[in-house]
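Naming follows writing order (A, B, C and D), and every chain is counted from residue 1.
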Amino acid sequence: MADIRTLPEAVAELIHDGDAVAMEGFTHLIPFAAAHEVIRQGITDLTLIRMTPDVIYDQLIGAGLARKLVFSWGGNPGVGSLHRFRDAVENGWPRPLELDEHSHAGMANRYAAGASGLPFAVLRGYRGTDIPRRTDTLATVTCPFTGEELAAVAALNPDVTVIHAQQADREGNVQLWGLTGVQKEAALAARRALVTVEEIVDELRPRPGAIVLPGWAITAVAEVPGGAHPSYAAGYSVRDNDFYQAWDPISRDRERFTAWLRENITREGTQV
Amino acid sequence: MADIRTLPEAVAELIHDGDAVAMEGFTHLIPFAAAHEVIRQGITDLTLIRMTPDVIYDQLIGAGLARKLVFSWGGNPGVGSLHRFRDAVENGWPRPLELDEHSHAGMANRYAAGASGLPFAVLRGYRGTDIPRRTDTLATVTCPFTGEELAAVAALNPDVTVIHAQQADREGNVQLWGLTGVQKEAALAARRALVTVEEIVDELRPRPGAIVLPGWAITAVAEVPGGAHPSYAAGYSVRDNDFYQAWDPISRDRERFTAWLRENITREGTQV
Amino acid sequence: MREEPGPVADGRDLGAPGRDGRGPAGERERSGEDGRGVPAACTPDEVMTVNAARALAGARTCFVGIGLPSTAANLARRTCRPDLVLIYESGALGAKPTRLPLSIGDGELAETADAVVSVPEMFNYWLQAGRIDVGFLGAAQLDRFANINTTVVNRGPDRPEGRLPGAGGAPEIAASCGEVLIVLRHSTRNFVDRLDFVTSVGHGAGRGDRERLGLRGRGPVAVITDLGILRPDPESAELLLTDLHAGVTVEQVRAATGWPLKTADQVSVTAPPTPAELAALRALRAA
Amino acid sequence: MREEPGPVADGRDLGAPGRDGRGPAGERERSGEDGRGVPAACTPDEVMTVNAARALAGARTCFVGIGLPSTAANLARRTCRPDLVLIYESGALGAKPTRLPLSIGDGELAETADAVVSVPEMFNYWLQAGRIDVGFLGAAQLDRFANINTTVVNRGPDRPEGRLPGAGGAPEIAASCGEVLIVLRHSTRNFVDRLDFVTSVGHGAGRGDRERLGLRGRGPVAVITDLGILRPDPESAELLLTDLHAGVTVEQVRAATGWPLKTADQVSVTAPPTPAELAALRALRAA
């Protein structure tokens, strides 16, 4: 029931200038290929939403396509800083980047509220921290039974969520397994959902630990083998830790980053 | 990490007079054997919590062990009324039964709040209905972002939750699959959790659709093959629909019910 | 499970205690005592169920109550709507049972589902978010605005309230699905002038009430009975008789309705069940 | 992931950019430039990690940040606490990695876990509910009450704020775990008189603040560094130097601390890493 599309078609149809876009995947199953297609198509003025911006958003931010970032932890996992993110925040290069900053617990609950059709979620969080000073999507509510004051976070409802999964069938039912993170919530919270998959199969064989998203809850599926690289897809690939480490020197320098982008993403015929 | 116990030991250790007890399982995996052991041990003045009281609570109520019922749908699924429940509510036999009544959505969220360590949960529910007139665990909260008024339901934190599962390993890690209902939430919301299982195995083999509850999150495990009968355990048994239909005439009549209880549950040597 | 009728004022069960009227107070008996004229080839319950299935012809996803709604939805999958996605509150998304489930938690629902989710997820992510096209409900009592009572009935002074099963999933199904279908047998016991308790809101006190209450779906669009079909007046949202089953008169329907039932300007007659529909329904029940 | 040090006032990364000090600014270099006296057989980072692992001897379950905390927790599983349940915010409950994960989402965490859950479930059902004994955190800046900053640093007038990675899971880990351990390298850059931003609350402004804020866990019980161990004063909750690693002096620690560090009445010396501990740590890092 989801449309089966090529990646360029799906990105062109689902993601537009100015959209709020969530590309999720907690280290695992990060939809890098879709982000690279966004760069190739030059879709810009995006509000990027992601718990861990990771290298995928470092690239989009460095490419100048983001005007705002909604996030909770912006580092290169196990390596260090996200230099394009820092350069945008600290120096406004290549453009200023507005931030909406939460904790992981807050972001996870914001997606869950969005997936639930609720305007907000309640959690026991943020107390005593300076985080409330930096976001207007955080408030408090009082428990009507106990009088306790709790944190309230505004729902996230992206215009479009992009995730990567291992498999889809021909009706667009999607199966992902391993660390499945917040992808179900992110996909269900969005107005449109695009899933890139390692392969399209005739029949999904149920897997331990898998979650299945029915095709009717998804807008489009695109087959993109290796579409999570340098992240990984359990059962198909392993995390390219070398790339994450190599990203540090590439991204430290504006010129080197720009050259990398041209050589690897935007140059005619490139497909990373 | 969970204690491995016999069913009589576990019930005696974990369930006490006056406790708030949740025995969950949405049609599937209903822990009947544990309820029967409660009847045999005469543990009384219980607050019984369950989305669908089902025949399991009809038996406990008829046996006079419940002073209160927290629930959302009290019928014999596919058959008709729960006559012992009705007799207690309408006629106070064998004792009056206080009710706290919600919708399924409300009960599910009450358990989820309990499992989350929150005092309440928010949902879009109950609007325009007469349900709020009959419960004091339902209130409203106002969204601090949109001003919308939403339902708030008080968390459920049973003294003890009892569930039935297919398997546990020798450390008390539990695996259940098929329709897993609200069991994870009910178990995690409780101060103590007892899991009866079809069998204790050397190693849990991961199954599609299974949830695993780590042994350290559970208080005790008891091996009770067939412990869900007349409910069922996917992979081990099928639902005994004939029993559910036979329960209708048994339970319609106080004397016939009492005789059934004596013959099948409380008489020396009975083990249902 | 919301069709479960429970007790009524006289202490007898309302409608059939067994599923789909096959119990002791089932369709054959009622057909006989009411003397309703139906094609000899099929029972009023069959006509009702076939029409209920037809009402799903445009639906993609259906949140299914057990009993009559489940029978109709499964029949739709075998007739007018093979791709219909059946969703059961026990956690099954896209169940494809080969037999009618007796309970909402029968094993086959999970085994044949596209996905099985927890009950909290079902109600929060799938139902509440407005993802389901049609909610298919039964009722113990229904009023002229298609509000539903499945909680308690008043049995008169000096008698305790009669206890019905309660809300189950119905209040939020009625609130959140894109639209709602209701199927129940027609009698003055069910179709009442005033509900003893509002368990689930149809159109409240009339058009505009759902918006005022912030209910997101369109609410009930049809009530399918063994006598005909009622639909809300586009202006007032009060139920109008819009369709009669073959051989049923307007007077019969009015006599079975506990309020002065209005009729549409044009009352149609439903097409009789086709041989294919009847064969599919009977095969489903026999499986 | 909370150990990620990020930039500091001078634009250099604080501490080591690579994991556990094996990067360009790693332990060997720092050991040399600081001239710290440690047993020739092991580095200050090894002493720190071994002591961090020992701090888990009484824990059943540990919510593990990547980097130093993860190394220490995995070492504990190989030495003092073989049954320790490792919980990673990516969703792995009871992970048993054979190698140190580079990221919090490495595949082996899921493959070896007792259970894998969604991220919302992890934070709501497992962390927030107070089910985890110990939260193990790193920090970019720490103050005398063990409050943590991992968000931004002030780089002085006319310069933009230095950006750190942000909160991640830390605020709620610090709030909800039964108790908190913190591991980080000791320097005046990290141990500051005043945080530029409070990302995660340790003991707030002193004893009683956690209760006042409604934070359920006991908060930080030890800060383990490459120089020694600080623990909160039972009265004031201000961090006191309670332990020195062998060969380190109180003056060295004070010089590396950005506030006037108080010492406990008795300052102990930690037992040097045993050959077994060192062998296990080195095997873990080499795997």
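Worth a mention:
Just so we're on the same page, a residue touches a chain if its C-beta (ideal position, glycine included) is under 8 Å from a C-beta of that chain, and two chains touch if they have at least 3 such contacts.
Computed from a predicted model, the values in this text were never measured in an experiment.
When the interfaces B-D and B-C are ranked by how many C-beta pairs touch across them, B-C comes first.
Work out the mean CA point of chain A and of chain C, and you get 42 Å between them. For the pair chain B and chain C, the distance between C-alpha centroids works out to 28 Å.
Contacts with at least two other chains are made by residues 124, 128, 176, 216 of chain C.
Residue positions of chain A with contacts to 2 or more other chains are 112, 116-118, 123-124, 148, 184-185, 209.
Every pair of chains meeting the contact definition is listed here: A-B, A-C, A-D, B-C, B-D. Listed in rising order, the residues of chain D touching chain A in the complex are 1, 4-7, 13, 17-19, 23, 66-67, 89-92, 101-107, 109-111, 116, 118-120, 122-124, 127-128, 151, 160-163, 165-172, 175-176, 197-201, 204, 209, 213-216.
On the side of chain A, the complex with chain D involves touching residues 26-28, 51-52, 71-75, 77-82, 85-86, 89-91, 101-105, 108-109, 111-112, 123-131, 134, 148-149, 178-182, 184-185, 209, 232, 234, 238-239, 241, 244, 248. Residues 116-124, 137, 139-146, 148, 150, 152, 154, 206-210 of chain A are the ones that touch chain B when the two sit in their complex. Contact residues on chain B toward chain D in their complex (touch as defined above): 1, 112, 115-118, 173, 184-185, 188, 211-214, 216-217.
Residues 60-61, 83, 85, 93-94, 114-115, 124-125, 128-131, 176, 216 of chain C are the ones that touch chain A when the two sit in their complex.
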